[in-house]
Each structure stands twice: as structure tokens, then as C-alpha cells.
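You will see two complexes here that share chain A, one where it goes with chain B and one where it goes with chain C.
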Partner chain A sequence: MMAPERSRPMSAKAIVLLLLVAAGVWSAVALDLDPRRLWPGREGWLLAAGFFGHAFRPALTHEGVDIPAGATPLLLGALAAAVRTVAFAAAAMLPSLVVGLLLGFGGSTAWWAADRDRGQAGRVSAGVRFRATFGPGVSTVCRLAAALLRSVHELLWAVLFLAAFGITPLAAVIAIALPYAGTLAKVFAELIDEAPRPAAGALREAGAGPVAVFLFGLLPRAMPDMTAYAIYRFECALRAAAVLGFFGFPTLGYHIAASFENLYYGEVWTYLYVLVALVVAVEWWSVQVRRRLVA
Partner chain B sequence: MLTGAFELDRVTVRFGANVALDEVSLNIEPGALIALVGPSGAGKTTLLRLLNGSARAVSGTVCVDGRDLSALAPADLRQLRASIGVIHQDLRLVPNLRVSQNVLAGGFGRQNMWGAVRAMVWPPRRDIQLVHALLERVGIAEKLFHRLDRLSGGQQQRVAIARALYQEPRVLLADEPVASVDPARALDTVALLRDICRERGLTLVMSLHNLDLAREFFPRLVGLRQGRVVFDGAPADLDDDRYRALYQLPRAEVADDGA
Partner chain C sequence: MSDAQRTIDRLYAERPRSRFLALSAWLATAVVLASWLGGGFLREPAWNSHRAANLQRFLGEIVPYPLQGRDWNWAEAAAWFGDLWRDHLGQATAATLAISVAAILLAGVLAVLLAPWAARNFARPDPFLPEPRPVGRGRRGLWTAVVVVTRAVLILLRSLPGYVWAFLLLGLFGPTAWPLVLALALHNAGVLGKLTADMVENLEGPTLSSLRGLGAHRTQIAVAGMAPLSLNRFLLYLFCRWETCVRQATVLGMLSLVSLGFWIQDARARNHYDEMVLAMACGALLVVVGDLVSAVAREVVRRS
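Presenting the complex of A and B:
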């Protein structure tokens, strides 16, 4: 008979949880966070009332007094800004998808893990030996590269590229594409590795080559999730493109910043609603695609 | 081309300290129809994996058409595997590809990378006709372009059979193909596999839990127990004593050993 396990005063999980809470409390104290300061003064209340009051009456035409004769109507301008925001996001997604797929495939273990299993009969081919030997190293390098890409936020990249290239669309597109490539690579690698492998094993067993096994035995199982995630990243890219407008790129953010500075809150809300509409549209698209791919 | 003759000579397979097969010797002539029977954990699956080179013997030899499997060059092993179809209990198909694509994937073993891509993306009409003929043989021709996960479990099993046949194999190995289907369908499937192998002259080795099915459809039974062959013969020769030797519970065995 085994002796009953001695009861410990606290499990490892509880200790970790306690440490996390302690770290949170300590950080709040160290940063001198005081919720009472969230209570605005009289001016703060007025500003808040003015701003949120406009949420129910967004501007349909330009606010302000002297509007130049040839100015683009507000709604048309908002629509054009929305289109440019989508263009920036799409232009950034294209290279980041290509790089993300390459680094994601490279970073997954699926393309070499089976080759390290030496349980089979027969001699080992050069390709199998190569993948079994260098696969882990290549994966590590790919994951490291992906981590480096995403360790710098798109806003920081934008500051850098603005200094280097000035306000050109290319600067914004590269600034978004770099960290997004890293994030896509990380998630793609994980989705590929989590995909069920029995079908891939069966094809390998029937003599299929490694590329065919990967492309048609394994990848289809990961594809629905990879597609859904790519669309979600596109949604994030839309927001990022909008925010980069604050630097002067002609996306929605540019107009939001300009209207906010002029205290034209109605216009700010108009642009915000256009941005929300974009995000909702992408979400709707994502649902449609997922419905087609899964089930 | 492979004839489908296997020769196992005192083959032992071990996984760590666990002996899966213990000095098994077995001859399988081309076109043989064999049911592997015996209790769970007797080594039936390992024996099947041995036949297509998926498992490696620690001692003894496995010969296919007189060639030692362990000495095969990689390209030869791949060719051998391409001509051995395997049907698993869990099917191992790709649910979100079409039925036609799942079957066409059976041809990867004799195609290079580009051939495989072509078969998946833009298959030649001739290949689709071949797939259609196979699906017709297994009874689900109308499902050719359906997505696999729209099919019932029984229909998906037919797809797995069609994929194995699309390999143009000389040997079919089936690992408990009917363990998870209802009795009527199990009977159908075993009969179908046996008939297909008989009409095409393929060697068939099938592991079966259900001894009644094995007796009814196979001229030769190989009984495994604890990694050893304890019976090899016609169903009629499996009398009560031999049945007990094959299936009796370990507790009874301990008592026998003590006697």
C-alpha cells in the first residue's frame, strides 16, 4: 500500500496566483495610482459632456465657420479616408502574410518531427537525415526571427521610418508589416503544430513525399484557423493604419486628430463611426469565411 | 512489381521493456486472405506495422518478395509502401478536403511534388474517372465532389478504402477496420474488402476483434497472444481448446501455469 500523499499547505498554482496579485498591488503603489484622480473637475465634466454629447449627433457636414468653397463634403472625405485606411492595411497585410507563412512553416515542428522517429525499417534517406538534424535549428532560428520582428511595436517602427523616409505611404506600410509578420509567424507555427496529424501520417505511410504530406495532409487541418486569424490581423491592421494617421498619414486617424484639435467633436464621432463600421464589416466577413471553412 | 509475399523469420519487436512481438515466424503467400485475431494487446497492430515497414524488428527478418525490409534503400522502401494500402480504424482522412481529393492523395506515393499539387488543384480528367470508378465499387460514387466531413462515418470508411485502392496496391492491411461501426455495417465492410482483394488478387491482412466475422470471411486465421503466434490455420481448426488458449483471461493462465 502506498502512503497517502502528505497534504501541502499551498499548491504551486496558488503560490503563483498569490505572487501575481502581490506584483499587481506593488506596481499600483509604486506608480502612485489613485482611482480618486479619475474624478474630473468642473472643466473636465464640461469637456466630457461636450465630447460624448456629440456621440448622438455626429456631424454630417463640416463644422466650423469658414469652409473653403471647393472643400470635399465631410461624408465623402470620411469615405475616402476609410478607403485609404483599408488600402494601407491591405498593403501591409500582403508582405506580412508572405513572411508570416514562410517563418510560420519554418518555425513549426511538424515538417521535421516525424523524421526524428527512427522506429521504421529500412535505411534512412538523405532528406530525412537532413530534416532530423537541421529541423530543430531552423525552427529555432525562424521563431527567433519572428520574435525580433514583433518585439518592436508598429508605432515605434513608424517613428523610425518617418525619420528615414518622411511621410510616404511606404513608411506606414512597412511599419505595420514588420511586427505583423512576426505575430502571424508565431501563431501560424502554433496552429500548424496543433493540427491533427493522423492524415499526414497515413499519407507518409503510403509513400507520399514530405512536401505533399505537409501541404495536403497537415496544412488543410490548420487552414480554417489560420485564415480566421489572418482576417483578425487584418482588422488589427485597419486600426493600426487609422492610428498612424496621427503621424500625418492620410488615413482616418489624420482626420480624427485634426477635428479633435479644432474641437469639432461631431466630426470626430463621424470618423469614429466609420472606423467602427469597417471593423464590423471585417468581422462579418470573418464569420462568413469561417462558416464556409469549418463544419 | 510487388507480388505481396511476406516472410517473417523469428521476428521480435520491443518498445522499451515491453515485448510486442516475440520470435514470430509467419509466411504469407501472394493473394492470401488472412485475419489476425486474438485479445487486445496481443501484437496484431504491431504485426501489421511490421509488414509495411512502419515498425522495426530488433531481431529476426521481415522479407517482402524475398527482400529484407531492413536493408531496403529509402527509395525502394517508399516504392514498397506506395504499393501497400493501409486502412486504419480511425480512417486518417482530411475532413475539410473533398472526397475526390482524399482519394487522389492515395496516388502521392508514385507522384513527385508537382504531380501531387496538380492532383489536388487541377486533377486530370482520367484520374477523376479512376476515382469515380473506385467510389462506384465501394458504393458511394455520388459523393465524388462532396466535402468529406459531410459524409457519414460509414461513407467515410468507404473513402478510406477507395484511397487505399487508388494506390494500386498489391497488398491491403486493415487495422481493426470495423471496430467502431455497427454490426451490419461491419459485416458489409469486411465482405467488401475481402471481395475486392479476391477479385484483384491482392494480399489482405486484417486484424479483427470479432472472431465470428473472421471465421466467416477468411480462409486463414492467425491467432496472436502476448506477442506469439498461437494459432495459424483454417477457421474449422480453431476448436474449443485452441479458442481458450487464444482468448482465456490471464487469471486462468496463472492457475494453469501453477498446475
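Presenting the complex of A and C:
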């Protein structure tokens, strides 16, 4: 019996996997990633043992010898830094949500696609004609604006603002808000476009305007996923706010850097665990909200 | 009152309500308002003559150096860019890309190794098919512990931002590319591991239970059942996370050598804002190209 022919063309997925492997090899060569360097020397081991050993005994009071008499207790200081981290992240969410919703709705096809199809039917109102004509252009502009905003990382926006205006807390908040607005806009646009449209179509047929169609036809269907994503972004904003501490803002990162440079590893782990607790709390909240919204 | 109005009222009264959601919405609003009012962000004036002068100076200094105070000249701007590109920007852009690629692949490998042990339908005495006789409490407890510990490790990995990981690892490894690659890989292994574990928990049962019914052991189920069933979604997640890796790879360089971030930091320290903005633009371009490549790759995977 003849063997079955085996000259199947390679599947697209196999090509993607092969390219991934090739990219990995290229990156290892380009960066000179020698696995042997992962094995730290004796000094590295001592340092690693000292640092990771403290993971199981985080500091409860300040480490070091001469602590000034009036110093804030460590845990109270960590709590205050956590509150400031939340404040930076929450403050950044307001402008990014507003801009993200505007750009996200503008960038979706939901508010003009139906009008464009109807525009060819002859006599239509000025509004329909307007949306059919300018809709595609406006949504392209919105998508481009969102892509530009999120192509620069929040820390780089912070560096830019530092150079352009000088250091202010407001600049840090805006630095987080800009790329997050871009990311929210992209995801919101996708979610709005993926939401089922029959309800929106019915509203439109009944004569509702585009704002009403969006608010009562589209938004309710896309809302659960949009809420869940916004909470996830808040979780990311918490991490970003913490990292801004490395640039001198009074969030958790400031204390992590200071304690690490003083070799107070127990304190570092205290602050790290506070950050972990914040993120875990937000994640728990997100799961609870989602469960109730989807049900 | 008309019938229609009565129906509307009844539907309104019967609408699904959740005290938790209402409370969540109020809490979120309160936290945002309190942050704006009590966070001190509005204490300093956002705009004054000092800041205006600062901005004007900055805008003057981001013009390419040879052209500062002169008319714009494309040829000279191109020459300025070409020199910097050949000198270090080209190499740094390539290194940034390489960091993101190495990191996401390492993260993917780590996630694949960790995720099964975090999936409650796999990490149990009787994966995918209940055993005919009851399983001992000890064995069941042991597997529950495996899930709890793995999930805790994943949470720890993903709660700490890549920047913090890089900062800590640089102290341990010294300035090579490894700390940056590892930092991104660890954070993203936490994210990918969680997503993959949740995906495995949602895998459809029949294929996997019949494998076990035929006598396949755990590794065989994982390789022959779970892997092919979850490969597509896993690749989609991988490319999504790679997009964030490209963004972060630029930034992490600010902590050490290699990536574009190093040159951003370097130019900033020397007050060469023209070079700083150019390095940022290279990073932004890399991000845009990366997003495009990722979108194409995800489309290919989705169609296959």
C-alpha cells in the first residue's frame, strides 16, 4: 500500500511558531544572553540570599541604627505611601476615562456604519448625511490619536513633563492619564463595536438620535466588559503610580528605592507586600463586580 | 395611567439591583473625588509665567542641535538623525526590540510551566474524570495546597511592576541585559500564567476526560489534550502582552545600559533634549510597528 501523501503546506500557525523561535534566537544573540551569567558569583549569592531571605521576615519597624526620635513608624509610613499611591492612580483615572470614552466612542464604527449604508438610499436627514460623510474620517482620526497617546509609556511622558514644566504632582497624574486614555479608547472602541447591535438598530429605526442610540442601545451591552477593563486599568495605574516614586514622587516606589539603596531589605519587602495587597484588593473587587454585572 | 406606563413602571421596579455594585460605584466616585480634592494635585498652579518660560525654553531645545536658532533644513536634520542612528540609536532600538522578544518568550515558557498547577481542574487527584472510589482527604488537600501556592506565586509575580523587578534584579545581577529581560519576563509570566490557568479551567471536558479514561497520565493529558486545545488563545495572549513588553523595554533601559531608555536618561542628564525626544520617538515608532505586527499575527492565529 502506498503511504499517504505528506506534502501538506505548512499551516499559518506553524509559521508563526517558527518565527517566534527564530525571533527568540535572534534576541538571545543580539543581547549576548549567556545562560551562565544567570548563575551569580559568590557575592551575588550572598546578596540574593540576604534579599530573598527577607521575603519571609518583612520589617515591622524601621531598620538601621540611628532612627530620629520623631520618625513616623514604618507601618504608618507605608500606609500613608499606599494612600498616596491610590490617590495618584485614582486621580489619573478621571481624565483618562473621560478622554478614553470620547475617543473610544469616536473611534468606533457603531455611530456611523448604519448611516453610511442608509445614506445611499436617497432622501435622508442632514444628520445622517453628515455622519455617513464624516464618520469614517472622524473615527480614523480618533484611532490615530489614541495610538499616538499610548505609543509613549507613562514614565516617558513623566520625563517629558519634567523637562518641559518641572516636577509637579499634577504632571505625574497627567503622565499616567495620557497613555491610559489611549489604551482605554482602543479597548472601548473594540468593545462598543463587538457589542450586539439589534437594540441600537431598533432605537435608530424608532427615530432616536445618535447620542440616545449610544447611551441606551450600545452602552448597556458593552458596559460590563468596559467596567471590568476600566478596573483592570486602575490596577495598572496603581503599579504606574508606585513606579513614579522612583522619580521622586512620594508613592510606594520612593520608599522601595530608598530602603533598597540603604540595604534595608526587610523594609523593601514590607513596601512590596503593601503594593501586592493593593493590587490583590483591586483584583478581588474586579472579580466581584464582574460576577454581578454579567449575571 | 396607561398600560404601557404601568408596564414600564413594573419593569423599572423589577430591574436587577445589586447593593454591592451601587456601593462600588459610590466608593469609586468618592475615591476619585477625594484624590483630586485632597491629593494636593491642584495646590500648585498648573500654569504660570515660570512654567510658560520653561516650556518655551524646552521647545527651543528639542529642535535638532545644528538647527537651533536657524531656519529648518531637511537635509541637515536628516544628517543629524543619521549620525545619531549610526552612533547608538539604531543599535539601541534593536536591543529594545530584542529585550521585549526575549522577555515575552521567557514569560511564555514560565507561564506554560506554572499554569497547569494553578488550574483547579488539572491540579487535583482525579483530573477531568472523577475516580470511581473516593479520594483520600490527604491527597486532595495536597493538591489544593499546590494550587494555592502556585496562584500565590503568580499573584506576587504580576503585582510587582517590571520596573520594580528590574530595579531589584539589577542589584543582584549587575548591568547586563539579563535583569531587564528577567524583570519583564517575571511580571508577564505572572499575567500570562493567570490567564492561561483560567483558560485551562474553562477547557471543555470530553476530550480531556476521554484521554484520562483511556489511561493517559497527567503529562500525556497536558501534552496531547490541554496544549492543542489552548494553543490559539495562548498565542493571542502572548502577542497582547508582547505589545506591553515593547513599551516597557524602552523604559527599563533608564535603569541600566542596553535599551533606548539608557540614551533617554543620558540625554536628559546632559540636557540634550533634542536627542532625548529623538530617542523617545524611536521608542514610539517601535511601539507602533510592534502593535501592527502583533495585530497581523493575532489575525493569522485567529483564522487558523
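The rule we apply is simple: the second predicted complex is superposed on the first by the 275 of 295 C-alpha atoms of A that agree within 3 Å, B and C clash if a C-alpha of one lies under 4 Å from a C-alpha of the other, contacts with A are read in each partner's own complex, and residues count from 1 in each chain.
Everything below uses one rule, namely that a contact is a pair of C-beta atoms (placed from the backbone, for glycine too) under 8 Å apart; a residue touches a chain by one contact, two chains touch by 3 or more.
The structure presented is a predicted model; accordingly, all values stated were derived computationally and were not measured.
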item: Combined model on chain A: chain C and chain B, fit or clash; value: clash
item: Touching partner for A:Trp26 - first (chain B), second (chain C), both, neither; value: second
item: Touching partner for A:Leu293 - first (chain B), second (chain C), both, neither; value: both
item: Touching partner for A:Asn262 - first (chain B), second (chain C), both, neither; value: neither
item: Partner chain(s) touched by A:Pro198 [first = chain B, second = chain C, both, neither]; value: first
item: In the superposition, chain B vs chain C on chain A residues touched; value: C
item: Partner chain in contact with A:Thr72 - chain B first, chain C second, else both or neither; value: neither
item: Partner chain(s) touched by A:Thr133 [first = chain B, second = chain C, both, neither]; value: neither
item: First, second, both or neither for A:Thr61, with chain B first and chain C second; value: neither
item: Residues of chain A contacting chain B in one complex and chain C in the other; value: 293
item: Complex interface listing, chain A residues touching chain B; value: 118-126, 128, 198-199, 201-203, 205-209, 211-213, 215-217, 220-221, 223-224, 293-295
item: Chain C - residues contacting chain A, complex; value: 18, 20-21, 24, 31-32, 34-36, 38-42, 44, 46, 50-51, 54-55, 58-59, 94-95, 97-99, 101-102, 105, 155-156, 158-161, 163-164, 167-168, 171-174, 176-178, 181, 231-232, 235, 247-248, 250-251, 254, 258, 264, 268, 273, 276-277, 280, 283-285, 287-288, 291, 297, 300-301, 303-304
item: Complex contact set, residues of chain A against chain C; value: 11-13, 15-16, 20, 23-24, 26-28, 30-33, 37-38, 40, 44, 47-48, 51, 84, 86-88, 90-91, 93-94, 147-148, 150-153, 155-156, 159-160, 163-166, 168-170, 173, 239-240, 242-243, 246, 253, 256-257, 260, 268, 272, 275-276, 279-280, 283, 285, 288-289, 292-293
item: In the complex, chain B residues that touch chain A; value: 50, 52-57, 62, 69-82, 84-86, 88, 90, 92-97, 101, 105-106, 108-113, 116-117, 120, 149, 164, 167
